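Read from first to last, the chains carry the letters A, B, C and D; within each, the first residue is number 1.
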Amino acid sequence: MEAYLVAILIITAIYVLLSLGLTLQYGLTGLINFGHVGFFCIGAYAAAILSAYAGLPVIVGFLAAIVLAGLAAFPIGLIALRLRDDYFAIVTLGFSETVRIIVTSEKQLTNGVQGIPGIPRLVDGVGILSALAVLAVLLAANGAAIYAFRRIVASPFGRMIEAIRDNEEAVKALGKDPARFKIQVLVLGAALAGLSGAFYAHYIGYVSPDQFNPLVTFYVWMAIIMGGVGRISGAIVGTALLMLFLEGSRFLRDVMPFISAVDMASIRIGAVGLALVLFTLYRPQGLMGDFTRRR
Amino acid sequence: MKLVIENLTCAFGGFRAVDEVSFEAESGGLVGVIGPNGAGKSTLFSLITGFLAGQGGTVRLDGHDISALPPHERARAGMVRTFQVPKEFAHLTVRENLMAAAPNQSGENLVDLFLRPAAIRREESAIAARVDDTIAFLKLGAVADVPSGKLSGGQKKLLELGRVLMTRPKLILLDEPFAGVNPVLIEEISGHIRALNADGIGFIIIEHDLGALSRLAGALHVMDRGRLIASGAPGEVLKRANVREAYLGGAA
Amino acid sequence: MTIDRRTMLQAAGSALALTLTPATGKAQGAPFRIGALNPVTGAGSPYGSGMQKMILAAVDEVNAAGGAGGQKLEAFPDDTQTTPQAAVLAAKKLIEVNKVKAILGTWSSGVSLAVVPLTNDANVLLMNTSGAPALSVPPANAKGLSYRFQATNDRFGRAFAEIAVKEGYQRAATMAFNNASGIGNTTGFKKAWEAKGKKVVEEVVYEPNQSSYRAELQKVLAAKPDVIVMGSFLPDTTIILREWFQTGAKTKWIIPGWAANPQLIAALGLEATEGLISVDSVSNENAPSFKRYDALHQKVTGQPGASNVYAAMTYDMVITLALAMEAAKSADVAAINAKIREVGNPAGEEVFSFADGKAALAAGKKINYQGASSVLDFDQFGDVTPDFGVFFITKGKLERRYVVKI
Amino acid sequence: MAFWIELVIAGLVSGLVIGLSALSITLVFGIARFPNAATGDTMTLGAYGALIGHRITGSLIAGGILGAAAGALVGVLGYLLIFRQLARRSNVALLVASIGLGFMLRAAMGVAFGHSQSVFQLPLVRPWRLGEVPIQPNDLWLALAAGSALMVVFGVLYLTPIGRRMRAVADDAALARVSGISPDRVMIALWVLAGAVAAVAGMIAGIKTVVSPEMGWDLLLPAFSAAIFGGIGSPVGAVVAGLILGVAQEVATPFVGFTYKIALAFVVMLFVLLVRPRGLFGKLEGAR
């Protein structure tokens, strides 16, 4: 039981990193990134290729995951930041689908649809201790990310990105270039997603293109919308709720065997949809509080 | 600083919102732009400050052609505008709004943010001191820590003026600073403008309230249907027949 | 549905007890726990619930025969959702919460590759129906705890090549769905075909979920092949064949059995499907074990057993496992693992059911279980090499003409 | 030569599906001002509706009408229950809600119809030959169906009073409100039209391929591309862009490879946004 709980906590912690990135991008800056899974994918593949194929130390893969995912955000940012919000959403969604097609097609590098198996574990060994060690590393990474996040929110930079979310024209009128800030935010969030991807690859041990479909992006969106947009606590609580919801359905079937598993899959995605609609309609600020108050 | 605009033109479809408008303004001066609703005054501001791309004409600042520069670079050059409908950062407090407007903050650079925290703290307290002065100057002390979205219309106008002042501008373009503001506050704002003008800051002001503006402005430009129909000293311009007709319509 | 509150509460209570009570040591009579980890939802959903039902049914069959190795079996069903992440968490749950000793019935290669490190770590058996060659060898099968009841995609491809030679085709082209299984089939074919000194005139790999495959089809047909070999699934095969028929071309097709099945015929009609060659690992159809399986499958799903080859495999997994337990007379995984080849491979009396095998073992004989899905002889990698049935579709019926062995 | 002509014909037929779905998107985008991500699942619903209608009546036309009615109904319900409540919120709120609505539709169809594929039971026919080029009768029927759907939409938009009001709202919502146009009636007309068009697109896609709960989602990206390419808010543009995109996908794939076919829609979209953000015929700018 403990090891299963630890496994859920590990996956939760991986998703919290994703949620934090999106909170920075959407919650604070107002960037509608619908391609989050693309950066996650780049991070996972960078870590997988460098450790499983090239045999480099794990830390190199992690650094590459962060850097490459961040770099990938740069051109997307340059192009897409000229666009209106809703166009930005569609372009980023297209970006993540393109990333998936590229990792599917570039077989020499990614082994195509066969995926990359045998990605080394973060911590060798069997049993709960090694799982706890992985969790500890992840929590440390989350802690560092949250620390950096809070520093940024409390800084002049944080003040400016919130100003951009509130009114971009006024920011321009004051002589500051919103694009410069938005691109940095996009890169930061993408780098966090890349880090998350590296953890994911080393934990699951196997990556293949079909793991990186847009549903992952929408799960993260659901988490931050439920938890509370623009707040660290919202990202964490929302992600925990998401996991409870995804994993809970596993136990629900133990308890209510008359729901067929096939229907369960539909019910799961329907509930994601219902949550998105209801939260948008009735509680746009999410569970953890008021959109108007930061920190 | 001297602003010269020549033949600025902007058309939407076949409709010419601004039609070959030219004039000048400079630091220490105070120019008023008046005209009936839809005359193209706000569009003119957007053309000057780069928020709209027109179909012709040039904008020169101290002799440099800045027609191709994006809005934030024009603002950084010292020419800063406000908006007809205030664009406050609604979720930030008055104080934070003003802090955000201060120019050249190294805390806006992520690398400095993590590598030079002490320097940034010093900088922040310097900016905070300026913000305190600005709040006192604009008498916004009572609402300093209120989210700006909750301010009254007049207070938002003051806040926008304050934000502009934080950027240390040389030329300020005010779009209807008196609209929706009570007469007492109008006198106050006028007082601020005079004081700043005396310090050498130039103003271009769009206004409906002719009384307040004609007492402030050294020169008036009158627009009607996108064109500049009269320019000159306020007392003289307002007497012209075509101005009276355009501006006051049949009532004259 | 007529479930009153009382039965529901009872069901809920007992299920909770099952889920949440940890295994109570090795007391005599405590059941041997196995996980039925199947693709109930996602891409594998056409097969997953049948696979799971057959595991549960086979467990009942074993228990009805008095259990194996002195123990009853108890199965815990779960869903991989056909995605590695969900499968990993499900496997963790099965291993850690339900304390299972074997996980049966992972389907897609991606899922099996993601689950196998966990089963290795926990010293748990994994029996899968995946096609990827990587599963045979270390690191995936480093401990020899993983068994594959399905032919590898590569073997399918080799069977395709045998058939193409036998039918006298000269100019073969391939079309593959862009995933591990689809490409595995066509590359396996290409290797074997070229080894016979022949050429593949055109190869196309296509993306799923398109509204038309005409460009792909045209490119293949432009090379004027006499046969097109597919590595495909049902929806895309439906669309491709419909478009092919409407172009008026007259090519022959060799298609894996999971795509060229009765549903395909129902979708396309008699004329378009006439003469298609459908290839499947032969369920061991004439064996008594298949008849048992077929009857059981008919009972629990209402469908004929031949409609789901993977269900036959999961049925065999339980029987094989139970026989190995019986032979080992132990619930120890290492001891059971040591006996799996012994009860499955030749040199032994051929048996066709758990009860018969148990009786033979009790009589001190060696046994060779002949499964419903194939004869089930495991090679050194834990892979089976089933025979392949070659079905020609004639007048809307799948008609088996012959069997190829590779 | 015949090879290329065949590809172009195939592309035109695919393009009709893309064009119709883009038309639905562009109508909503132009009038209700948000990208409606539930369009794909409305298509799926239309396909299932038509499938059921076809099975019951044996007539594709009756099936199409039932499918279109189902699409229109979901459009109107979505408006009344969700989108109207969000009218004063940002377009992000509307976009997120539309994704939610799409997921709910997909879930409901998954439960109702299962996940295995369904097909329209239509007789398959060998093609006619025009010289070297095979012409498929089914393609002609599909083109005819798409053509009549287009005629209805353009008829409503350009020949009826409600259509004139819709275009007025698209041009300037505030002005239209001032001049006494009831927004509710225009919006309901819009959602009827948008839902029905998406449903017809779904039906055609379903006839060409197979019907499954996920089919519409997969067609969404090309549809968005075409809507942007054609110019948001331009019905003609959406259809023309859909056709161009369809042909481009088919004709280009022998060069770029088949796996990159799907990415092509995205590349076209990026290119258009960079070079001509208002698309072929559009008024709204995608760039700021």
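The rule is simple: contacts are C-beta pairs under 8 Å (C-beta built on N, C-alpha and C of every residue); 3 or more make two chains touch, one makes a residue touch a chain.
It should be emphasised that the depicted structure is a prediction, and the values quoted were computed from it without experimental measurement.
With centres computed from CA atoms alone, A is the chain lying nearest the middle of all the protein shown. The geometric centre of chain A is 34 Å away from that of chain C, both derived from CA atoms.
For the pair chain C and chain D, the distance between mean C-alpha positions equals 39 Å. In whole angstrom, the spacing between the mean C-alpha positions of chain B and chain D is 46.
Chain A and chain D have centres, each the mean of its CA atoms, that are 31 Å apart.
Residue positions 41, 45, 178, 207 of chain C each touch two or more of the other chains.
For chain B, residues touching at least two other chains: there are none. Within chain A, contacts with two or more other chains are made by residues 101, 104, 262, 265. Contacts between chains, counted with the stated touch criterion, involve the pairs A-B, A-C, A-D, C-D. Taken in their complex, chain A has these residues touching chain D: 30, 32, 79, 82-87, 89-91, 93-95, 97-98, 101-102, 104-105, 218, 221, 225, 262-263, 265-277, 280-281, 284.
Those residues of chain C lying in contact with chain D across their complex are 41, 45-46, 178, 204-207, 209-212, 214-216, 218-219, 222, 234-235, 238-239, 242, 245-248, 263, 266-269, 271-272. On the side of chain B, the complex with chain A involves touching residues 49, 51, 70-73, 75-76, 80-83, 87-92, 96-97, 99-101, 103, 105, 107-110, 113-114, 120, 124, 147, 149, 163-164, 166-167.
Every residue of chain D that touches chain C in the complex is listed here, in rising order: 3, 6-7, 10, 13-14, 17-18, 115-117, 119, 121, 123-127, 129, 134, 136, 138, 205, 208-210, 212, 214-215, 218-219, 249-251, 253-254, 258-259, 261-262. Residues 1, 3, 8, 11-12, 15-16, 18-19, 22, 40-42, 45, 48-49, 52, 77-79, 81, 83-86, 88-90, 92-93, 95-97, 109-110, 113-114, 117, 121-122, 132, 134, 139-140, 178-180, 182-184, 207 of chain C are the ones touching chain A in the complex.
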